[in-house]
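Some structures to go through are shown next.
In what comes next, chain A is part of two complexes: it sits with chain B in the first one and with chain C in the second one.
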Partner chain A sequence: MTAERQGAGARRQAALVPILLFAPCVLVYAIFFIWPQASLLAISASSKSGPGLDQYARFFGDSYYWEILGRTLGMGITVTVITLVLGLPTAYVLARSQSRWAGLLLLLTTFPLLVSAVVRSFGWMVLFFRDGLVSRTLLALGLIDRPVQTMYTMTGVIIALAQVLLPLMVLTLHGVFKSIDRDLEYAAMSLGARPAVALGLVTLRLARGGIVAGSLLVFSLAISAFATPSLVGGARANVMATAIYEQTVELLDWPFGAALAAILLVVVLGLSLAYGALIEGRGELEAPR
Partner chain B sequence: MAAYTPDRRQILAALAASATTPFAASSGFAQAPSFSGRKLVSSGFGGSTMDIIQSAIFTPFDKQSGAASTQVPMQSAAALARMKAEAGNPQIDMFQFSGGQEAYAKEEGLTQPLTGVSRLGKIPAGLKDPDGQWVTWAVIAEGIVYRKDKIATPPTSYKDFLKPEYRGHVAFPTITNGYGMDFLVMLAKAFGGGEDNIEPGFTAMKQIKSETIFKAASDLPTLFGQGDIWIMPYDTGNTFKIQQSGLPVAFATPQEGSPAVFITACIAKGAKNADVANAAIDAMLKPEAQIEIARTMRWTASNPETKLPADLAGEVPAVDKLAQLDRGKINAMRAAWTDRWNREIAR
Partner chain C sequence: MQIELRQLRKTYGPAVAVAEISATIAQGKMLALLGPSGCGKTTTLRMVAGFIAPSSGSIHVGARDITTLPAHKRDTGLVFQSYALFPHLSAAENIAFGLRRRGVARAEREQRVTAMLDKLKLSGLAERLPRQLSGGQQQRVAVARALVINPSILLLDEPFSNLDAKLREGTGLELSRLQRELGLTSIFVTHDQSEAMSIADTIAVMKDGVLQQIGSASEIYEQPANRFVAEFIGRANFLPGRILTGDGRSHEVALDAGITVPAIASAHPGGSSRVEVLIRPEAIALTETGRSGSLMATVEAISYQGATVYVHARLADGTLVTCATTPESSRIAAQGDAIGLQPARTRLVSFPI
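After this line comes the complex of A and B, so read on.
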């Protein structure tokens, strides 16, 4: 009887352990993320005439805001594709390299992360202005016949964002490639697969999770970036983050700013889930049983 | 018995202090109350402007009063947002604005009356709040900044921005920059409109919408430095800064008048160091401080008792020579015009 009760007590205690382990993290998130997000939603559901969804109606009823949302998502997707195309081979080579310089090279790729976004943007401004290095180099190479200004354009924003987010992609993929057993590729090749096929069928498929994680990381950071679009893009590269800043800080229209933030959050969440399901899901279907 | 000794000493000290106070107040040089050990936190404009204000105003004030003043860099719009977010429990005692935000702050009940600013009475009526909630301590004259080596005849009007020979060489700030808003209103005035009729402003600006649009004053030196920007609407202070960097730029006062930007100061409601802030604002209105600001930044003095030395007087327009925009009307239309600008000019 007593022993049984003790056993039940121990089980209850054991059940408590995960809760206790989770508690600090949940608490921090509840205070610093969920609560502010909830108050943001509450603010977004208010208007001059009282509570309601006026702010959302204003957004969705106006093609101008659709354009900003579209520009933001287009920017995020372009930056993600660029970092994936540049980062995948880099990460693969670094992970497979036997050279003792590989570690140093990996460290070097993370250097852009050590510089503040504002300082880095000012650096790009120096390069992007009409008499900057980019324009002069292209002129000297004969690729353009007149000085070109990349400053205050979306192209400039995308280049600058891709540069700073590339390390995150490389680091994520590097870890995944490292964890894939090289013998699996050899096994595929010994069974007759050409190296390219082995790479595609085995390595890249196993790295799927890393590709999803890296892409989502880069995408979500790109579309929420503020300093780079604001400093490099200027007035014409209006994206969601700069629109939110303008509404909350410059026009003091907090309800509409909050609605913009909520819409951005929901859209990103939806796209991320869909993207993850697409890549992971397809893999599962094709995976040999 | 011994336990009473400190008390007696304190009483004696208090007596001595009360005896010397009338003397100190009448003696002139020690009129600022002592704030030794006290702190003052003010918003500041950041960059070299903030450093100059620190050394022209706050450092002498600290030396005289014993307070320790710091400025927290934030642009006016961000400062107002901070003021609003911290309403009731302000972490910043004193705010400096350059975009008319003080009127909004007062309207929202975020400010308190300036009770200890003895020089408030010297400031002309148009430069302070009728209820004494804020005061203009300096004025910046806006106008036309141009490259002397590219434009031989000094521009005279806001209409000059549309001249075909300047196409591709014009720059102007975004509407959220403050000067961008004034540029829109002055263009409207130049073409027969104004605060009540903004249409001509938008019509004129549409003709130069493909020119360079920048966001911050930090882009100015680069824009002028690379040579393809010849003319833009900006102010005396920044013209002076660019001149100091060695570029051949000059400031021209447009015939429509130079819009004036009020640099104002106000105290957050419930500020912990409101008494120190009052004394600091009083120090800002001192003629010596205002001359120093004119000398180091080419900002116009708001206290009419300030007598600028002859060499400075030619470079800094006097406060009564400036055109004043109806900030109340502009603020009321700000959101609508910004929205329209975003759609029609920046797109």
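After this line comes the complex of A and C, so read on.
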């Protein structure tokens, strides 16, 4: 009887353990993420005359803001595509390489991450100004006949963001490719698949989940980037992040800034889900074993 | 189709994976590549499959030199050690993969896949994903996937190593039956000598990338080319001795242990008269002590294995000798007993020291 009760007590205690282990994380998450986001939503739903959706009406009624949203998404998509096109082959080759140097090369690709956004942007300034390295090199090669200014353009922002986000794409995909047994490709080849077909039907098919993860990571970091667009892009590269900053810090219009943030969040969530569903095909998000 | 390996060699920088392999496998026969871990079996097989380019030498299938032919054009059925089933495809889709690549029409494809599923007792499991199958079932899907394309050669890399002993034997016999039925020339990699002996026509024993001996199971067991082969295949006792009389092929050897036995020379003894004589455990009979031509020994341990009983006995000079007898004959021995060991007068092989 006592033993039974003790057993029940032990079971109850055992059930408490995961909750206790979870609690700190949940608490931090709730205080520092959920609560501010909720307040943000609350603020965005207020106007001068009390609660209402005036802020959202203002956004959707003004083509200027539509343009900012479009520019932001365009930038995000372009950066994602660039990093995917550059990162996929790099990650594949590094993952399949038997060379001792592969590990070192992988480490090298992560170097941009170790430099702060401000310093990195400063580096791009040196390259992108009218009399900077890029312009002069292109002139010397005869590819252009007048100096170009990449600084303070959207192109500059996209190049800079792609550069810093590329390592994340490479790291994510490298891990995925490493986890896919090379024998699967060999098996496909022995069954008559050309190497490119084997790659597509087997390796890339199995890497889908990782490709989605990497793309979403890069996309969401790109559209929420603030330092690079404001330093490299300046006034011409007005994107959601800089617009939110402008509204909240410079114009002190918190409700409108909050509405911008909420819209960005919803759009990103929607796009992520759509992209995930599209590329996953049957909708299995399960990682290949 | 006949497979011929001519002086095949593979090096990685200074490391030699396969030093030199030459072998011919006749149409419809199965060659086992046998050797300890790291001896270059997989490397050899993958060169035949086309995944690894040989450093030198050539591979011929039928009359054709396929040394530089890419893997997907080689028409080989391959079963991997880890099976390498496509995890995102069902058993049936895995089997259909090669047929699709060959552009086999849907109706024929389905019919061939179904036939193969039946043949390997997989019907009912067609729609399962590999991870929903047991190890033995996955192995059969892998074999089915390799066979359904009617390859001209079949390559198997330790296909049974993930199966338990019982399943392994049954599957091995089943596979060799299929292979004979389809008349497939095949190469089979294993480090398990009994597996090699039971299903292959010819065995190639390798060590450190070097081919040691190639021959039938009985040739390799009864006339091993060197000590390594003798020890690797089956159990072996080696007793040192001195050549008394004889030519390069057979001789009388006076064993240091005290008796004289006839032996076949594995290699020409050259100038040396010292040899070691290989006596297989089943070539030693247990007798009462003092019988002429027998060795005096003390029984150390008896290991009962059902049909066979292994008696481990120590000679006066400290050498441990293993004898294999039947349960009946072993009754005369008990642990600690003094006993006589009588080597057979045939099937003994000598190796120069």
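In this text, the second predicted complex is superposed on the first by the 260 of 289 C-alpha atoms of A that agree within 3 Å, B and C clash if a C-alpha of one lies under 4 Å from a C-alpha of the other, contacts with A are read in each partner's own complex, and residues count from 1 in each chain.
Please note the rule applied: a residue touches a chain if its C-beta (ideal position, glycine included) is under 8 Å from a C-beta of that chain, and two chains touch if they have at least 3 such contacts.
Since this is a predicted model, take the numbers as computed values, not measurements.
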>> Taking the superposition on A as described, I'd like to know which of chain B and chain C A:L260 touches: first, second, both or neither.
In response: neither
Let me test your reading of the model: by the given contact rule, A:V212 touches which partner, first (chain B), second (chain C), both or neither? neither
* Considering only touches as defined above, state whether A:D181 meets chain B (first), chain C (second), both or neither. => second
Query = After lining up the shared chain so the two structures overlap, which partner does A:R236 touch, if you call chain B first and chain C second: first, second, both or neither?
reply = first
- Task: Mind working out whether A:Y152 is in touch with chain B, chain C, both or neither, as first, second, both or neither?
- Result: first
Where does A:D131 make contact in the superposed view: on chain B (first), on chain C (second), on both, or on neither?
first
Residue set of chain C touching chain A in the complex reads 46, 49-51, 70-72, 74-78, 80, 82, 84-88, 97-98, 101-102, 131, 145-146, 149
Counting only contacts in the complex, chain B reaches chain A at residues 77-78, 80-81, 84, 104, 174, 176, 212-216, 219, 222-223, 226-228, 334-335, 338, 342-343, 345-347
In the complex, chain A touches chain B at residues 64, 67, 125-126, 129-132, 147, 149, 152, 230-231, 234-236, 238, 246, 248-253
Touching chain C in the complex, chain A uses residues 181, 183-184, 186-195, 197-198, 202, 205-206, 288-289
